[in-house]
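Letters A, B, C, D and E name the chains as they come in the text, with residue numbers starting at 1 for each one.
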């Protein structure tokens, strides 16, 4: 997709050990992706308090992405397993409140998956854009 | 007001080629609390760092934002820079405008610049809420507990004691020695197991730094790294310290009902016994479930024959509570029980034995004094079939893992058999041969080529008892033929499984185990002897099946870890950890349940004057700062230093607000 | 039945088994009841039980932690007790659960029995220490039809629906304060450092309050309808609490307050949990 | 229509002084010269300080009407607003509204001995009154200031004491709950020191402010010394929002601390329930 | 001078008023909630319920009112006043609600401090009240001085439904008068018969209110019962939410807070607050004189029937009974104060 999607605000929460490093890898490999995502570094997806995501939408974020280590690879052994439970529940609840499911995403990106991170961001941006353009 | 300095790095043209760094710096200068904002070619270079130090002094800065590369690259660098200029190192934030902006948004410089401004602004928002943090210190009880007196535990204890630290070695059985003591010879050198083990056992017993506690079990653990408090049950031996180990009692004891655990139940043992002659300590215990006196109230022969009056029938189990700074768990393994292998006779065919039983049979100290005879009729054997992968690599039996040693010990046993009885023939049914290890493959080759052991690739489908023989039916998948061997004895290469009760034991320490019950190491590659519980290390087969050299190496590694821990004056604790606000804690124990490190303790505490509540408390020296508790706490009572709710919220708010750049 | 109830409580109070008995008494007219706190045997005559006893008295357990309490529970209130015990808010030994057989209560708003009463499997209470009266369980099982129906709407329609609801909300926090599992000593909604929620009452802020509250009670809410009943402006909060129950069931096969041994869905995990669309 | 009672006057921070680890003193200058002329107050009254973007909170005037070039406040960091105040820098714009509440009845105290008893940041609430009494020292007899803090480090207004002591008939007694090296003053809790000092109730007024627990024991001590409830004056602190008796939270019975207080005599207080 | 208006004309009158003013009247929504809402047409008015779920209070005393907007940038701080309130009509108020405006109005003018926001709004608001034909079991307006289902205190225009199809319209203030003269085609002069019918209406309606409190007696009792052990148990059922205070026509307590949008823009906002909340009196340092739930519970009743009477010579209550209905645990304000 086109990397230039003006006025879309996406907040990305990336775990320090895998996805943040993965996003660094994206840069290292000079893979490009849309610039709408603003990354907040967190230690682990287990730290991801659903409240922070609700606050992000409340503050006007168009989309939110949370990305962590692949299951089994958590630096803290199990943080991402907790996140893997919070995510579907939160997504479902947000959708119930009318926050479209295209606006909230999660991914597993390891420290070596620079390309994957770019793909994930592209996909998320496209979904959020689709929500905004097509309702 | 916070006094923030923002330093925007060009990284040569890496950043400046895409991002308008002067605009980023200019925007930074307009943000509340930012006292100075400058850009420079290479912030991480010496002159770059000096720019920062000079600015800190000139503007009296108390916190920094460096807009440059990834914090994973240079956060430590700039933290040190800050520290050199007298600022708390945790008052530094980085905005990653290289990996996350310049390198990935090179296709639109305007958007890239805007994003760089935003990321910088978010870092400013975060650093504004940063708090000065300092490393914390906790005391260390410089005494190690080693649980399990097998070769792993002995080695770990010896190494730790060798470094000058006190060790308590706890063993469940009456003697240390463990599984290795049961073995006859060891591969690939075929040296006598007892000959190399016994000196170590004696060394452990004699080491002034090691206290042996046999016939004892750990029952309760609390505390944390540096400060474990462990309750140990000393089971009543019914023999007191007057015993000199003369052994008269064991010879005179009339009871022969019990089966020897050491001899894998191939032979009876007395009610008062030492597991084997070389036992350390050489003090017998009374098995009260077998002792005539305890069963009927009459006998007391041992008391009568004891020259030192060491027999004490009134002894009770005794509990002791001691403090340790670190724990090595070396609780060993059990042999897979093949009674649910229908094809091998459900464990009911007497002459189908386990590998370990074979070790006892062929061992000169064993029940047959080294004569390999059939357990059923004590006949000598001619044809012996060895079957590998029993309870290993078997998905159907929920044991998909490889036990790693069976290929080798089967080869060894086949060779020993031939050594003892040149006229015998050994057959080995195998799936494939795993002989990775120094001189291992050569060893297996020797078994086949020099000892004429017949290796048949395939599984055994059935063993029948027929006319005092065992008919072993199987497939040779290499020739494609069905094979039928008339054997006298079948030896199964039983795999390893976790010790019975391993999971319950793990609970004591809150260690995690895998689905089989083997204890999980902290990291499969980079932290193979640590566990998720700080200060608890694992050695030997309780972690996964392994051979003796690996076990010994692992044990020494745990010792090195323990010594490294003890070498410190105090325990240094990273300050980026969780903390509970007990005023707002509702005591629901959610954090306690989710913490992967058992770093949360629940306490009844007076949180306000006159108000005692059940609340959580973070054990600072145990917490690793993952934040799982923060994500789970609905009372919003836990926060994570360095990633506080306030910091994250302000980042979120800033991320979603428009750029107010005019 | 009232007599039976009164006698039982009289006995418990006289024998000093409990400090308080919490039940129902008549309120301002014959169609209303309110919680009654009874401490003496003479006082038990106030206690009644009828189809207007809509409150979930489990709410008071967290407020009287230090006391021994006899709590009158409808079958559907007992999960609350279990949930609170599970969350270590109250020790089970301190509460004597008196199950009141119930033929269903009447929704304050509609005057009819709500769905949970029409399809109630615990009219005859289960898990009580004593039971008073008898009632026949419904033959039909609870359903999530209304939630499922709502789920079919587009996200925009849902958003509009809730915007209209939270426009009405006056943030009196009745929903939170009657919620038995909303016992936090200091609710996020009233914190100032950080200020999770602004005091300003408008539809957006109100909506966020409800979103966060619903998230916080996920896997803990027993769908007792207390919040829904309490709302002075009739915001259909059941549509949210039932959604929580539905999700807990469908995503994690969990039912709040049903099984003392089951770990709450968000404070446990399974290595084989589904990926749920995580990229 | 009259001036909007909720709208603050703009003012600038002109001086900041750190008193202790968590207490700072501020000088504010009203921006509008007209307002500067008309904005007056009396010792004991309070104002509402407005930190734009964060919120409002109340403080007593630290300086008296006799030194009213600037508006001065001494502020301890305890919550969100005070945290933001502590982040202010010189030149920052804040809002001020007030003055609110009643004041110390100096006209009734003419010719009497004044005994000030303060604990911790409570001295800030008495400073305006102390300095007013010192500025008009001829109107009063002896002026005694008994001031205690948790530790020598927690003592406020250290640099003002020497000026205060220069005023005739003025004595300052300092005490710290716990002493430290170099501390030349008393060590012990305020009520104990009060007992030791043993002031005479004759022709005296005791003015007290401090943490509730201190007030409780000081009151007992004063009564033991023979002070009558009419001779004891204190200034109360409660959560207030409007300063005008409208927001409804600072009442003790029908009295609103912001409107009918904050200055009360003990004879007034002893009939009020313990809800402050 | 009293007038008559035909019921069908009321809708027409509303349609006319809508053209020039913001008209708020009871409206019913899909959840059967009846609230004062802004009318788009007279037909939207729902006149069949006695009381709306919340009062009309929030149309004059906004639940969240922006005092001023704040902009702070490099050039300093600028305060911007909010837009002037619009001309407003509150239609279909009940006498108890209307009386609330009178009571709150006094507070907002107390001791010379004039609350500009309330005053401006009430000045621009015309309150058209409809007498209550069918008081409910929770009503107790007659306990108050001059309290009655036809009381006109606080109203600008009082409508009393008489026989089928018409209402007696009495202008109470000039603002009420202006409605009658401005839309005179809908009003015709009433005669003695109608005046008499109103008295009958009053008698009939008052008969339906069975509960009458001895308020002077209660005040006396409350004077001495601050420390009564009654409060120790009476507060137990109360869950300390703010429903009762937020639906009350006279509860006025508020909080002043800031709503910040970003580093530059914010708003000073006043929002209703409630004495039931622990936060209400909690000081920044954590000290809270009314931390006990008992104290907060007592404060509400004491304030309404004791303290406020000391200060204003009238109760802070109009007897609408909304708090009884809104209370999630059906606490009855009448029995609470009677049983002290």
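By our rule, a residue touches a chain if its C-beta (ideal position, glycine included) is under 8 Å from a C-beta of that chain, and two chains touch if they have at least 3 such contacts.
From a predicted model like this one, the values you see are computed outputs, not experimental measurements.
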{"item": "Steps in the shortest chain-to-chain touch route ending at chain E and beginning at chain A", "value": "2"}
{"item": "Greatest separation from chain A - chain, by CA centre", "value": "D"}
{"item": "C-D compared against A-B, more contacting pairs", "value": "A-B"}
{"item": "Centroid comparison with chain C (C-alpha atoms), farthest chain", "value": "D"}
{"item": "Rounded Å distance, chain C centre to chain E centre (Cα mean)", "value": "31"}
{"item": "Inter-chain centre distance, chain A versus chain C - centres from mean C-alpha coordinates, in Å", "value": "34"}
{"item": "Where chain A and chain D are represented by their mean Cα positions, the distance between them in whole Å", "value": "53"}
{"item": "Cα-centroid distance, chain D relative to chain E, in whole angstrom", "value": "39"}
{"item": "Residues within chain D bordering two or more other chains", "value": "79-80"}
{"item": "Junction residues of chain B - those touching two or more other chains", "value": "583, 594, 632, 636, 645, 649, 653, 657"}
{"item": "Multi-partner residues of chain A (at least 2 other chains)", "value": "50-51, 55, 78, 82, 86"}
{"item": "Touching residues (chain side chain E, partner chain C) in the complex", "value": "29, 31-33, 35, 53-54, 63-64, 137-138, 233, 236-237, 239-243, 245-247, 255, 257, 259, 267, 269, 271-272, 274, 277-279, 293, 324-326, 328-332, 334-335"}
{"item": "Residues on chain C engaged by chain A in the complex (per definition of touch)", "value": "150-151, 154-163, 188, 196, 204, 207-208, 210-212, 214-215, 218-219, 240, 243-244, 247-248, 251-252, 265-271, 273-279"}
{"item": "Sites on chain A touched by chain C in the complex", "value": "50-51, 54-55, 58, 71-72, 78, 81-82, 84-101, 105-108, 120, 123, 135"}
{"item": "Residues of chain A that touch chain B when the two form their complex", "value": "3-4, 6, 9, 11, 16, 20-21, 23-24, 26-28, 30-33, 35, 38-44, 46-52, 55-56, 59-61, 75-79, 82-83, 86, 118"}
{"item": "Residue ranges of chain C touching chain B (in the complex, touch as defined)", "value": "87-89, 183-186, 188, 191, 193-194, 196, 215-217, 220, 263-264, 266-268"}
